Structure formats: C-alpha cells, structure tokens
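Naming follows writing order (A, B, C and D), and every chain is counted from residue 1.
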Amino acid sequence: MTAPRVAGDLNTALHRLFAEDERAMLLGEDVCDPYGGAFKVTRGLSTRYPHRVRNTPISEGALVGVASGLALAGDTAIAEIMFADFVTLAFDQLVNFASKSTAMYGRRLPLRLVVRCPTGGNRGYGPTHSQTPQKHLVGVPGLALYEVSPLHDNHTLLTRMLDDGVPAVLFEGKVLYGERMFTGGMVDDLFGYELTDGVARIRLHDPVPPDCVLITSGALVHRAVEALRELLLHDEIVAELLVVSRLYPVDRAPLLSLTGPARRVAVIEESTAGGTWGAEVAAALHPSLWGTLAAPIRLIHSLDSIIPAAAHLERQVLVQSGTIRHAVKELVNG
Amino acid sequence: MTAPRVAGDLNTALHRLFAEDERAMLLGEDVCDPYGGAFKVTRGLSTRYPHRVRNTPISEGALVGVASGLALAGDTAIAEIMFADFVTLAFDQLVNFASKSTAMYGRRLPLRLVVRCPTGGNRGYGPTHSQTPQKHLVGVPGLALYEVSPLHDNHTLLTRMLDDGVPAVLFEGKVLYGERMFTGGMVDDLFGYELTDGVARIRLHDPVPPDCVLITSGALVHRAVEALRELLLHDEIVAELLVVSRLYPVDRAPLLSLTGPARRVAVIEESTAGGTWGAEVAAALHPSLWGTLAAPIRLIHSLDSIIPAAAHLERQVLVQSGTIRHAVKELVNG
Amino acid sequence: MINHARSRNTTAVLDEGAGPPSRSRLSDADLSAMLLIRHFEKSLLKLFEQGFLHGTTHTCLGQEYVPVALTPLLRDDDHIFSNHRGHGHYLARYADPEGLLAELLGRAGAVCGGVGGSQHLLRERFLSTGVQGQSLPVATGVALHLKRSTPGALACVYTGDGTWGEGVVYEALNIAARWELPLLVVTENNGIAQSTPTAQQMAGDIGGRAAAFGIAYERFTDTDVNRLRAALRPLVEQVRHASRPFVVEFVTHRLGPHSKGDDSRSPAELRAVRAADWAAGYAAGHPEQFDRIDAEQSRRVERIVAEVLARPLTAWSPR
Amino acid sequence: MINHARSRNTTAVLDEGAGPPSRSRLSDADLSAMLLIRHFEKSLLKLFEQGFLHGTTHTCLGQEYVPVALTPLLRDDDHIFSNHRGHGHYLARYADPEGLLAELLGRAGAVCGGVGGSQHLLRERFLSTGVQGQSLPVATGVALHLKRSTPGALACVYTGDGTWGEGVVYEALNIAARWELPLLVVTENNGIAQSTPTAQQMAGDIGGRAAAFGIAYERFTDTDVNRLRAALRPLVEQVRHASRPFVVEFVTHRLGPHSKGDDSRSPAELRAVRAADWAAGYAAGHPEQFDRIDAEQSRRVERIVAEVLARPLTAWSPR
C-alpha cells in the first residue's frame, strides 16, 4: 500500500474533521467542487457538505474575518488563502482581531480557527506567488503558526490546532502537495524517523552521534534529506534532522532534549533573509545551548531577494539541497 | 536656547523637506490644518502647501498605495498611518508592491517613499493602538525600517531615507513626541553622546570600559538612560547604550565596531516577545562576536501578551526602565 | 421599501427637512437611558481633565438616541458589534454604567478587567473593537453562523461615516448580500471623522454604497426615539425574516471632541451642531420631565463616579 | 453620459442583445494585433504541454479585442496598469512578442530579465502586478501625480470581474472620485473568476459599484473593434479633460482555462463561450482577410517561438 500524497492526506483529514465535527465550516476562493481548490486540497468537501463549504469572493481580509466571526459564534472555522503571499491582505484580521480577541477582553476566549496558506516557491510562480511569509507572523501574542510536513499526520495536526483554541495559521509547502507522506518510521534506505513530542527526528537507521543537528519544517524536508545523504556519502558528515510541526511558539523543550549535546546546530527554512523564523528558534535555544555549542546556531535560508519567475533564476535565490549541504560543511568544518 | 521637542523637530524637518523638494507630497488621515495630524507632526504643512498635503479617507491600504503611485511617477511621497497598529492594513501594499517594485521587474527602480507610523504604548491607548509592529516588517527584501530618536536629526534622517530610493517605514515612538531632542553631545549630568556612522553612543562623560553594551532604538532611549543611571549609581554596573536609527537592514559594521570587545550585549525594544527585532540584531552580530561574548546576546522586550488599556496593567506588560535594569543585572551578574 | 433599492426619498415623513416635527413624549425609561449616557460621557471628559482617565475615549454626546431607539428591537440572541464610539451602545444594551466606568478607570468590577478599555468591550454577545471597519466581516461571519443555527437572530454592527473609507467594509457587504445574511449595518453619520468632514472623505453617499450591493437602505434625520423606533421595527424584523442585510443611516451630530480635547471645528460649526442637539429640543418641549430625569441621572452618575473611583485597581496577569 | 450616473442603458446601440450587429471590416493592423495575441497565447498553452513553460500563465484567449480597441486611444504619457491576464494588454501597447515570450521563458531579451514573468511586467509606463486589486490605489496615486504634472494624461487600470471582491478597489475609487483624478478603470468581465462564476461572487453589478462613488460608467457587450473604439474615444477624452475617473466594463468571454489546464466549466458552458468568440464571428464575415492574417500571425508566432527558444537563458543576479 503506497502512502497517500500530502495533498490527499490533508484532504482526508478535512473530510474526517467534517464528519466528526458538525460545526466545521470551510471558506476560501475556489474551494468548491468541481474545482476543489487551486491545489485540490478541498476536493469533494463541498459535494458532501454543501452548506458548510463556501466559495468566497476574492476578499482575503473579509474571508478571514468571516471565519473569525464563525469561530466567535462557536463554529470550527477553516479558511483557505489561495497563496500564502496574500495573507498580507488578512494581516489586520489576524493580528488585530482574531489573535487579540482571545485575550484583550480580560479573559480567555478560545477560538477554533485555522487559516490555511499554500506556501513557498520552486514552482516558477514568480515574486508575488512564491513567498514563505511565516516570519512576518512570528510573535503575535495569541496566534500559533504551524506547518504541514510529510511526517506529521494531518488529522492529528488539525485537531490539535483547533482544540487548543488559539487561532492558528497553517502553512502548506506547495512543493509537498505532490509528495507522498512518510509512514512506518521509514524515510529511505539510509534514514528513518520517529516522532517525539510533536517533533520528527530523522536519522540513520543505525544512529551514531551526529556532527550536526538540523532543525526545519515540512516544506524543506526533501531538500534537507537529500543534503543529509550527500553529506554522509560524500563529505563524511553525519547530520540529524528535526522537523517541527508548530513553528510558533517554538517548542523549546523537545528541541532542547533532541539537540542534546550537539556542538553544531542549524535551522533551515525557505524564507528569504532577515527576521527569519530561524532567528527566533536560535533566540529560543541559545540561552540553554550556549555552553555546548561550538558556534552560534547557523541560519540557512534563501537570499535577501525577491523571488524571480524564471526557474533558473528562482533556483539561485531559494534554498536548495546544495545550499544546505554547503552551509553544513562550512559549519562543521569551521 | 532649549532644544525642540521631537514632534517639533519632525515638523521642522518636513517643512524643510517641502521647501527643498517641490515634488514632495504628504498624505494621511487628518494631517491637514487646523488639526495637523493626530500627533500634530504635520502642523502648518497643508496651510503652506495646500496642493501637496492631503487628508485621505480612512483607507490605510489605499493611502499607502497612492503614495507608492506618486513615488512610481517620480514624486517624493510621505504617507502617515495614524497608529502603527494599522500598518497591518497596508501590509500588502508594502510587502507585495512597494518593496517588490524596486527589484521584481529585473532592474533597480528607486522609489522615494516613506511611510510614517506613530508607534508604541505606555499611553493607555489599549490593545489595538499601542503596538510596536516593527518586527513584522523585518526581512522584507527592498523595505527599510527606521525609527525616530531624540539623538538623530530628523531632516538628515528623512533625506537619507528618501535619497536611498528604497521604500521605507519610519516608526515614531509616541512617547517621544513630547520629549526634547538631545543636542550638543549632552544627555544629562552623567552621560553624553556622540554619533558614529548613524549610531548614537551614550556613555559616561568620562568613559570607562563598560560591563555591558546595550543596543536600542529611539522610543526606548529615556527608559534605557534611566536604567543606565540606576545601574551605575545603585548596582555599580557600567553600561553603554547604542541607539540605532535604521532598524533594518541591521547596520552590522558600526554595531560591531562599537560593541567591540564587550563580553555582554543586550538589545532592548518595546515589542512584545517573539520574533523580535532583537533576535535579528542578535543573529546579525553573533557570528562575529561569538568568541568574545560570555553569554548570548540578551533580548529585552515586553511580555508575550496583548497590551492592556489600564495604565497599571499596561506597565506590567511593557518594558520599563526597571525591566531593563533587572535584565542587565541578571546578564552581568550571571 | 426593503426591495433592494435605495430609498433615501421615502424618509420624508421622518425628515426634519420637511419642517421641524414636534417631539413626542418619551417614556421615562428611554429618556433616562439617553440622559444616563449623556451624563456618563460628560463625566468622562471631566475625569480626563482631572487626570483620572488616560489614553483615548470617544464620547457619543449628541448621538445617545440612536442606540436607545434601536436596542429594544434587538433580541438576546442577536449579536452587537460596536466601535470606538461605543459607550452609548453598551449602556443602551446593559444597564451597567458601573461596569463600564470601572473598565475605563481600570477598577474592580470592570467588564473586561480593564484590559480592553474604552474601545474593546465584550459581554455576552456584545463586542467592540477599535480598528475601523474590522468588525464588518466578523459580524458577517456571525450572521452566517446565525442563519444556520438560529434563524431569526441577526448581527448588528455600528459604524461611523468615516469608516466607509475602509475596503473591508465593501468586502463584507458583498458577501453578506450575496449569501443573504441577517446583517444590520447601523451607520451613525455625524458628518465628521476625527477632523475630516464627511464630504471631504466620501464620494457619493451611503445610500449609493448600499445600493451598489443590492442592499436595502434607509436614512433617518429625525432624532425622536418613538418615531425612530416605530420606523425601525419593521426594518429589523425584515432582516430577521428575509435574512438579508440592511443598511440604516442616522444623520446625527457629534457634540463633543473626537477624543478628548481635539475639536478643531469653527465656532460656527459648533454652534450649528449644538443647535441640532436632541436634548435641547426635547428639554424645550418637555421641560418638567427633562429636568427631573436630567437631575436624577446627573446625580446617579456622580454617585457612580465616586463609588467606582473608590474601588481598588483591577488585578490581571498576562497570559 | 458622463454625468456621474450609471448608464447601462445607453449602450443599446452597441449591444448584441439588440440583435446581432454585423461585424465591420477591421484594418489589417487591428486584426493582426488581435490574431498575434491569439496565436501568442495559444503557443503558450502548447509550450506548457511541452514542458518549456513553468509556473502559471493566464491567457486572454477570447478577450484580445479589448486592449486592441482601447490602446490606440491612449497616449505615450498615459500610464497603464495591467493584471495577471495581461499579455494582450502588453502586446497591444508594444509590438514586442519576442520580449514578452523571452520574459515567460526566461531567455535573453526578456522585458524584465525573466524576473517578473507573466504577471509582473514593467516597460516605460506599462506595469503589471499579480495581486488582485493592488494596482488600483497605485494607479490612483499616479493619476494624482499626472493631474498636477501632466494635465490631460491619465492612468488606465485593467481589472477582472472577480477583482471587484477586493476592498482596496473601493478605497481607491473613493479617493479617485473625491479627488477628481484622471483614472480609467477597464474591467474585463468574462463572467468568471478562476472557477467561480461572477454571479456567485458579486452582489449587484459593476455599474452599481461605480455609481456608488458617483463615477461615470459605460458597459459594452459588443466585440467589434471599430465600433468599440469609436464609442470609447469620447469617454477617454472626457477622463482627460474633465479629470474624473471612469469605469468601463467589457462583457467578454474567457475561451481558455484560468491558468493552464484548470477549466472546470461544463461542456455546455464551454460551447456557449466558444459561440461568443469574436474570431469565429469575424472569420465568417470576412473570411479572406481573416484567413490571410491568421496564417500570417500563426507563422509569425511559430517563428518567434523557435527563435526565442534558441536564445540563452537570462542572466541576473540578486540585489
């Protein structure tokens, strides 16, 4: 039995959620059948639940606001923003309403709200349809950020996000949609994975103490695993990869226990340079890891640049497995 | 001759700019006389230049877009967002248009565009009118972030921002407006300042090697200086304060040369916790300072919380001079 | 009237333009509510001067009659979205000046622990926010919920005239109209936004904006609560039963400053605004009732101020 | 007609609803422009299939006549803001299919070095963006500049019907109307936004939206370039001379998929759309001219494709 693709797993998770929770509602642009969403993640949902799934006009601000209103009234609200780049249009609703409502009225007000955002580049969509805007939403009190990964079950993830009662944004690497979920602890012939407190740890089937621990999120998993292989086979560097599911707040405890005594740590993300998620992870871990680390936590990310449309130019800007390999070699070999 | 207040200095800077640059235009809500802006920074401008200053409707997205259009057509455009909190409504225009335009068409397109944002709390304005949202805009390629300070001449600053041709956001700490500019190298009886490559260095009139170097921006200057005094007089800790004017991109070179051999460094800002500007400064400086530092760069900021309206609650959340003093003692005494 | 067309001209019977109608006698309860709000707001301006109040506060002096006319037509299961100028909305819904004043002063018994302050109130199904226009889509989402779960209930959202500058207002109207949601938009058009006259910031008018989305609309210039309520009743019922949005515009006047001392209107403008004050008109027509209740509410608010000022500060800890 | 009122009914003479008008004979130049665009777009779909093109591309098949009718009425000092479906707008302004194709393929000679791609073009005063609605306020700002610096010049901005869902569109219209700016908004209403029919996402209509801001408006269902241009000429002149915004709606049809293979319309819908294709109608009326120019442009595009594909990739370095 082949594992489902990530888009399919997300789709199944939504179907289960809708079957389990009569109050679940989903809104977004072109999410209804027969189109089923720009990336087909909502396929079949509107056919089965015609009154609970709605195509909205092209109004990102309002559709997130409408979802907040549903959640405020007690519904489970899932909103899709067609491209994560357009979350900029819903910034006020997320930052100044949904997240604040949970606390600014002097008492905790749980909201079951998830805003889904297909994210990232390497697909030739050009400067306004390829971004990784997670970093811009890091540090909003009362707003949690998650990312889909091929190692984390999406139904478990969505259920956790909603049950927490904290409005959340779910970033979904577009390059992942067509990839298969990993199952059964197996990544490939060299590497396996296990899940600890929500963090997936990818390492050799026969683990040896790593030279370096890499931390990343879903969209980068394939590029990072490719780098692990190359590093192992060509550079004699053993690296372990930790894949988080919640980006913010940073899950310090499991990351600290899993980076353990590592002398070298790096954080990998597709975001362009500056104010990155990695800088936040580093800030969260540095105080505890200070004594052990041989160098500051290395931030591996894309260049400080808009993301060009042409494939050969886009590749130059965005993190690729070669970028990771190169940076890790530099980190380990000093 | 007493020094002008910060709001007055900004006002004078705008008047000079308008006199020097016939293409300068200014837009915002309630910026015209007799009101002259919610914080009176634009006072007199519309009377002297009636065709170049415009009250806009309450439309933050569009007013920043209109300013971008002016800049695109060759004008010098200054937009005011009444409270920095509402920059969320202009996020798409800033992140996906103004900043991108300078590069996404394959060649450099300079834009003379400054978006002014009265920023910060400690004034009892409540959760949606007190934020320090700088961090959310850190790391946008092609967008520069600056902050007004009582140590940096505002006309020089505005001229630099515009002449760079990089769209910029200018944050203006609301608590500063009523404070006087520092002049003549004098802060108070204990401390003086000098400017080096755009960074203001506040230290004892008779400098001794500091136990700690603090980095901050304009809005925090008074609280930080108060902490410097207390630390010196009560805790026998000598600290130096570096006040930057450009927040992003981080001016690494002057900061590195001014933090020099310091074993302890902290970054202070009013932002609530998470994804802070300080984390970006730390990420920029750590690689170079690693060998010298006794501890990771300490991030001093407000709590992870919405900002309450009641003064006594707001004080609990936001960074005060006591917060700084306490954190620096902890940092220096280990 | 509700047939999805602009109907600015059907309001002539209520329109002061058609000659000053006499003011009908209000119930003591309604007049008390209006004068409670008036004295509450006045006391805030005084508390500011005295240094007890901080930050910002937007008084609804002159506009008290709007929520007093409307609120009795709303049900417990309706949701109300208020805005920055929301004290009157709150007091017309809840006879709780103590809780509201405690909120503004950060004292024990505050509706929202002193955390929200003047612009961020939440109680049951009443919620206010300080960002213009932001609540339109939220109210639209609530209306979508109500349509499915509680047919007949509605979401009512207050806005000022200036708030129609925000794009998200139109996004929400489009959705509410297209999805046929029970959304009642109440616009208090006081002719000004902070310092900017409506005519300087609005092209066209509110009726035209509603018509653009096929949304029914009504405009009132009258300030007589009895007549307004009678005229509003069928409109509100229509929102419930037809499950369609409706825009109601009240032409009204802001007697006080925008926030605290920031009134840059000319003496002539201020004279005109004061001449339109419902209270002056009502006092002239019904002096005995007015003076009696005015004195009652003035004393009541004075007592409340003293009582709340004597309370300890609120306790709260950041999450 | 330009007197700030909706004028949907004044277009009857151009309206196909009033009986199919005969198609006038176009100049060879106009027909060539339209068929150049047609073959250019068709070649893109082929290049996608063949794996030479990546990402997204929105073809304007069926809508070619709109920019061809309009562009000759624009001056060199006018600014044009195009959108995601902008190849036709570009090709009608610049006889530069080579530069555009190079842009899409990331080859030497690309208009924007291959950095912008299909949705982000800049050349002189022509600029496109990929975020719906975003350019409305930018164009408004440019119009403000022009009014001051180059009276008589205008900013022209293209939008789709779905784009009217974005709030910033209304913010911009309000400002453009209130400030009396020379802004020409051209809406290509092809009855669909990605997969969503206009009727499902728009309450009311575009004429009503323009009227809400007191903006003059005209609607065209005709596809005859000669007649359209004649009707557009005075409207465009009016924008220049009155310095007032104007909204023009073209009722048109999207023949192809939204982007690449993503057309979920039913066979019946697709048949209806194809039946409305201007090209089929024109070919029937003027077969000789059509076939001649069609063959010419087909060969021309074929040559260009081959030529551009043979070019080296663009060079560029991140800032």
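Keep in mind that, in the parts below, a contact is a pair of C-beta atoms (placed from the backbone, for glycine too) under 8 Å apart; a residue touches a chain by one contact, two chains touch by 3 or more.
Since this is a predicted model, take the numbers as computed values, not measurements.
Chemist: Touching both subunit A and subunit C: give me those chains, sorted by label.
Modeler: Chains in contact with subunit A as well as subunit C: B, D.
Chemist: With chain centres defined as mean CA positions, report which chain is farthest from subunit B.
Modeler: Looking at centroid distances, D is the chain farthest away.
Chemist: What is the distance, in whole Å, between the centres of subunit A and subunit B, each centre taken as the mean of its C-alpha atoms?
Modeler: 31
Chemist: What is the distance, in whole Å, between the centres of subunit C and subunit D, each centre taken as the mean of its C-alpha atoms?
Modeler: Their C-alpha centroids are separated by 44 Å.
Chemist: Just how far, in Å, is the C-alpha centre of subunit D from the one of subunit A?
Modeler: 37
Chemist: Give the residues of subunit B touching no fewer than two other chains, as numbers and ranges.
Modeler: 56-57, 59, 61-62, 85-86, 89, 92, 96, 100, 103-104, 106, 126-128, 141-142, 304-306, 308
Chemist: What parts of subunit C, by residue number, touch at least two of the other chains?
Modeler: 110, 113-116, 120, 129, 131, 164-168, 171, 174, 178, 200-202, 314, 316, 319 - these are the residues of subunit C that touch more than one other chain.
Chemist: Looking at which chains touch, is this a line, ring, star, complete or other?
Modeler: Graph shape, chains as nodes and touching pairs as edges: complete.
Chemist: Can you tell me which positions in subunit B touch subunit D when the two form their complex?
Modeler: So the residues of subunit B touching subunit D come out as 25, 51, 54, 56-57, 59, 61-75, 77, 92-93, 96-97, 100-101, 103-109, 141-142.
Chemist: Which residues, counting only subunit D, touch subunit A once they are in their complex?
Modeler: Residue positions touching the partner: 54-56, 105-106, 110, 113-120, 129-133, 162-167, 193-196, 200-202, 262, 264, 313-314, 316-319.
Chemist: Spell out the part of subunit D that touches subunit C in their complex, as residue ranges.
Modeler: 164-171, 173-174, 177-178, 200-204, 208-209, 211-215
Chemist: For the complex, give me every residue of subunit A touching subunit B.
Modeler: Where subunit A meets subunit B, its residues are 85-86, 88-89, 91-92, 95-96, 100, 103-104, 106, 126-128, 133, 135-142, 248-249, 271-280, 282-283, 286-287, 290, 295-296, 299, 304-306, 308.
Chemist: Applying the document's contact rule, which stretches of subunit A touch subunit D when the two form their complex?
Modeler: 29-30, 32, 34-35, 38, 55-59, 61-62, 85-86, 89, 123-129, 303-306, 308-313, 316-317
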